[in-house]
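In what follows, structures are represented as structure tokens.
Below are two complexes that have subunit A in common, paired first with subunit B and then with subunit C.
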Partner chain A sequence: MQIDFKHRQSAHCESGVSSNLLFHYGLDISEAMAFGIGAGLFFGYLPFIRINQLPLTTFRCEVGGILKRLTRKLGVKIHLEKFRNPEKAMAALDRGLENGIPMGCRTGAYWLPYFPSAYRFHFNMHNLVVYGKEGDDYLISDPVFPEIQRCSRPDLMKARFAKGALAPRGTMYYLTHVPGDIDLRDPIRQGIQAVCHRMLKVPGPIIGVRGIRFLAGQVEKWPRKLGKRKAALYLGQLVRMQEELGTGGAGFRFMYAAFLQESAGILNKNRLLGLSDQMTQAGDLWRRFAVLGARNCKDRAAESDSFVSMADILRECARKESEIYQELLAAVQ
Partner chain B sequence: MKVGEVPQERGIMPENLHEVCYAVNEGGRYVLAESAGWEPKNVANAQAWEIIQTQVAEVLNQVHAGRQSPLAFHMAINQMNVGLLSEYVRMSRWRVRRHLKADVFKRLKLDILRRYAEVFRITVEQLQSVPSDLTQCFKEDRGSCR
Partner chain C sequence: MTIKEKLKHIIIETLNLEGVTPEQIKDDDLLFGDKFGLDSIDAVEVVFQVDQHFGVKIRDMKEGRRALASINTLAAFIEARR
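The block that comes next holds the complex of A and B.
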């Protein structure tokens, strides 16, 4: 049994799943557009939350937030359910598939057998679409993989009930109503406003542009405060958060630039094209930071690659992004 | 990032896979471009595995010395701590912590052992044994010693 579902590889799991699900119901929304309307862009340096005893840095919004805002803004109705009992969760999944509905699931990455071993960490914010069943195997459209994947029932059950921080608890969702004709202009504007607001106006030092500056100050202190070895670990974790986990490069900055470019056409605002270019430049700066970071991790840093110069790059990122968000706000007003 | 600059530095990703990222083509338009990997990512990922490997090696030494039970090894190689394992196995933390002691673990009943083995997806026999060293553990299939 198999639903005719079009699998399209994307850079990020949640926005990819959103885009693919909408496409199944005849709404062609690109991944970048889904990410933008869902207001996925973020920055937060949260040293009090530890992953593997290292501080958490995040470049995206809360898990589930993109899908929630995207469906709400587009007037798409979505049914989302959590479960206590794994058997019941799998039965509900089977029922949905029998009715020909592609089912979105949140899972942990650790128990998915098709994940390459190098990526197998306890990471509970993964999203995928189950769209069929063959014998005991489920057919899975996992947006970060180029091809369709298979997963046995016990493995999928375990992945859906992964434990630990942000446990998915069998979270499963499907679309129940997709309106035929959608005007993207207001959702785009609102999505942009939400991101700008978050990046510029959230109080406190650790969120948004201020968060980037705060991180810069911390990075500068790391070698003195933590010693060389630990500073390298902190840095490595930061580079991983920025680049590794399905970000589309430069901590989602490139994906957001793609969204701004696409929006320029829809809103008929050439100003957004220029801002998209600037966001690309900001992304390039983040990439430069990652290059220096990796050199320091490997202890191959030259004099000019010091923690001070890395902090300077971050401040430059903050300055640039701050300008972008201010102009963006004015552009969509 | 331009399409021509999209890095193709294969490291952590297997041969048959690629990821997609966003890059600008010659016409200045954003497109999805395939990437085989990027050196800074490979470095950061390798570093994360080094940390895990060091921790597992430490625990393995302790198990060989009889200071900890084989359970401690399987917990470490599955990247778990007592809190996470206790959630998976549905036992209290102090109970799991007790089972990490070599002499307590030896006396555990079969159904308790089975519960642990199920979590790690191994047999009870595998749960009761540990490898002599780590050479086999972090080669092809990282983080698994099955």
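The block that comes next holds the complex of A and C.
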């Protein structure tokens, strides 16, 4: 049994799944547009949440937030369900497929056997679409892969019920209503405002541009505070969160730049083109930080690749992004 | 030196692949995985070096994942964008 579902590869799983599900119902929205309207861009350094026993740094909004905001802003209705019982979760998935519905699932990527070992780590926020079943294998549109994937029932069940931080708990979702004609202008404006508010105005030191500055201060202290080995582990986690499979690269800044570029045409605001370029430059800075981080992780850092240099780059990221969000807010008022 | 040869030298030097010679890296070998012990953290350095040496930026990770598969795919990506 196989639903006629078009698989399109994307940079990031949740925005890719969102875009692909909408496309299935006739709404052609790019991945970058899904990410932007869903207000996916974020920064948070959350040392009290541990992934693989290391502090979480996130460059995207909360899990499921992109899909939730995107569908709400576009008037799309979605059914989302979590499960305690794995067998019941798989039975519900099968029922959906039998009814011809492509089913979104949240999974632990580590347990998906088609993930290459070099890219495999414990990440419980990975989204994919199950669109068919052949024998004991499920047919999977995993948006970060170029081709359709297959996964056995036991493996998929294990991935849907992966343990650990932000466990997916069998989360499954599908669209129940997609309106025909949608004006993207207000959803775009609202998406931009939400991101700017979050990055500039959320109180506390660990969120938004303040959070980037806070992280800079922490990174500077890590070698003294943690020792070389642990500091390298912290950095490795940070770089993976920023550049790993499913991030879109440069902590999603490149994807947001693509969204701003596309929005400039829809809103007829050339100012957004300049801001898109600036966001790309911010992404390049983030990537420069990642390169230094990678060198330190792998013990091949030169003197100029110090933790102090990395902290300086982070402060420059914060300064640049602060300017961008202020200008963006003014542009969409 | 061809793009492929240059890429092999860059990867060996910048990623400190001790004991690996350019001849040992086959054009269609998977770059990231068990053979050379490279992982996604190393991919960040390769992306940076491609920019430094060839002036080609890999910003779209969807393309990046395809490009970084092997020397063949990376060289083809660079050729297409130079």
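Following the convention adopted for this analysis, the second predicted complex is superposed on the first by the 332 of 333 C-alpha atoms of A that agree within 3 Å, B and C clash if a C-alpha of one lies under 4 Å from a C-alpha of the other, contacts with A are read in each partner's own complex, and residues count from 1 in each chain.
We take it that contacts are C-beta pairs under 8 Å (C-beta built on N, C-alpha and C of every residue); 3 or more make two chains touch, one makes a residue touch a chain.
The structure displayed is predicted, hence computed values, not measured ones.
The superposed arrangement places subunit B and subunit C in clashing positions on subunit A. Of the two partner chains, neither subunit B nor subunit C is touched by A:199. In the superposition on chain A, contact is made by A:11 with both subunit B and subunit C. Of the two partner chains placed by the overlay, only subunit B lies in contact with A:164; subunit C stays clear of it.
Counted by residues of subunit A touched, the larger count belongs to B, out of subunit B and subunit C. Once chain A of one complex is fitted onto chain A of the other, the partner contacts of A:298 extend to both subunit B and subunit C. By the document's definition of touching, both partners, subunit B and subunit C, reach A:254. In the superposition on chain A, contact of A:243 is made with both subunit B and subunit C. Of the two partner chains, neither subunit B nor subunit C is touched by A:67. After the shared chain A is superposed, the part of subunit B among 38-46, 56-64, 92-100 or 128-136 that runs into subunit C is 38-46, by C-alpha clashes.
Subunit A residues 9-11, 116-119, 144, 146, 236, 239-240, 243-244, 248-250, 254, 280, 283-284, 287, 290-291, 293-294, 297-298 lie at the interface with subunit B in one structure and with subunit C in the other.
On the side of subunit B, the complex with subunit A involves touching residues 1, 12-14, 17-24, 29-30, 32, 38-41, 43-45, 47-49, 51, 79-80, 84, 87-88, 140-144.
Note for the complex: subunit A touches subunit C at residues 9-11, 116-119, 144, 146, 236, 239-240, 243-245, 247-250, 254, 280, 283-284, 287-288, 290-291, 293-295, 297-298, 300.
Contact residues on subunit C toward subunit A in their complex (touch as defined above): 14-16, 30, 32-34, 38-45, 47-48, 57-62, 64-66. Touching subunit B in their complex are the following residues of subunit A: 9-11, 32, 52, 110, 116-122, 144-146, 163-164, 167, 232-233, 236-237, 239-240, 243-244, 246, 248-250, 254-255, 257-258, 261-262, 276, 280, 283-284, 287, 290-291, 293-294, 297-298.
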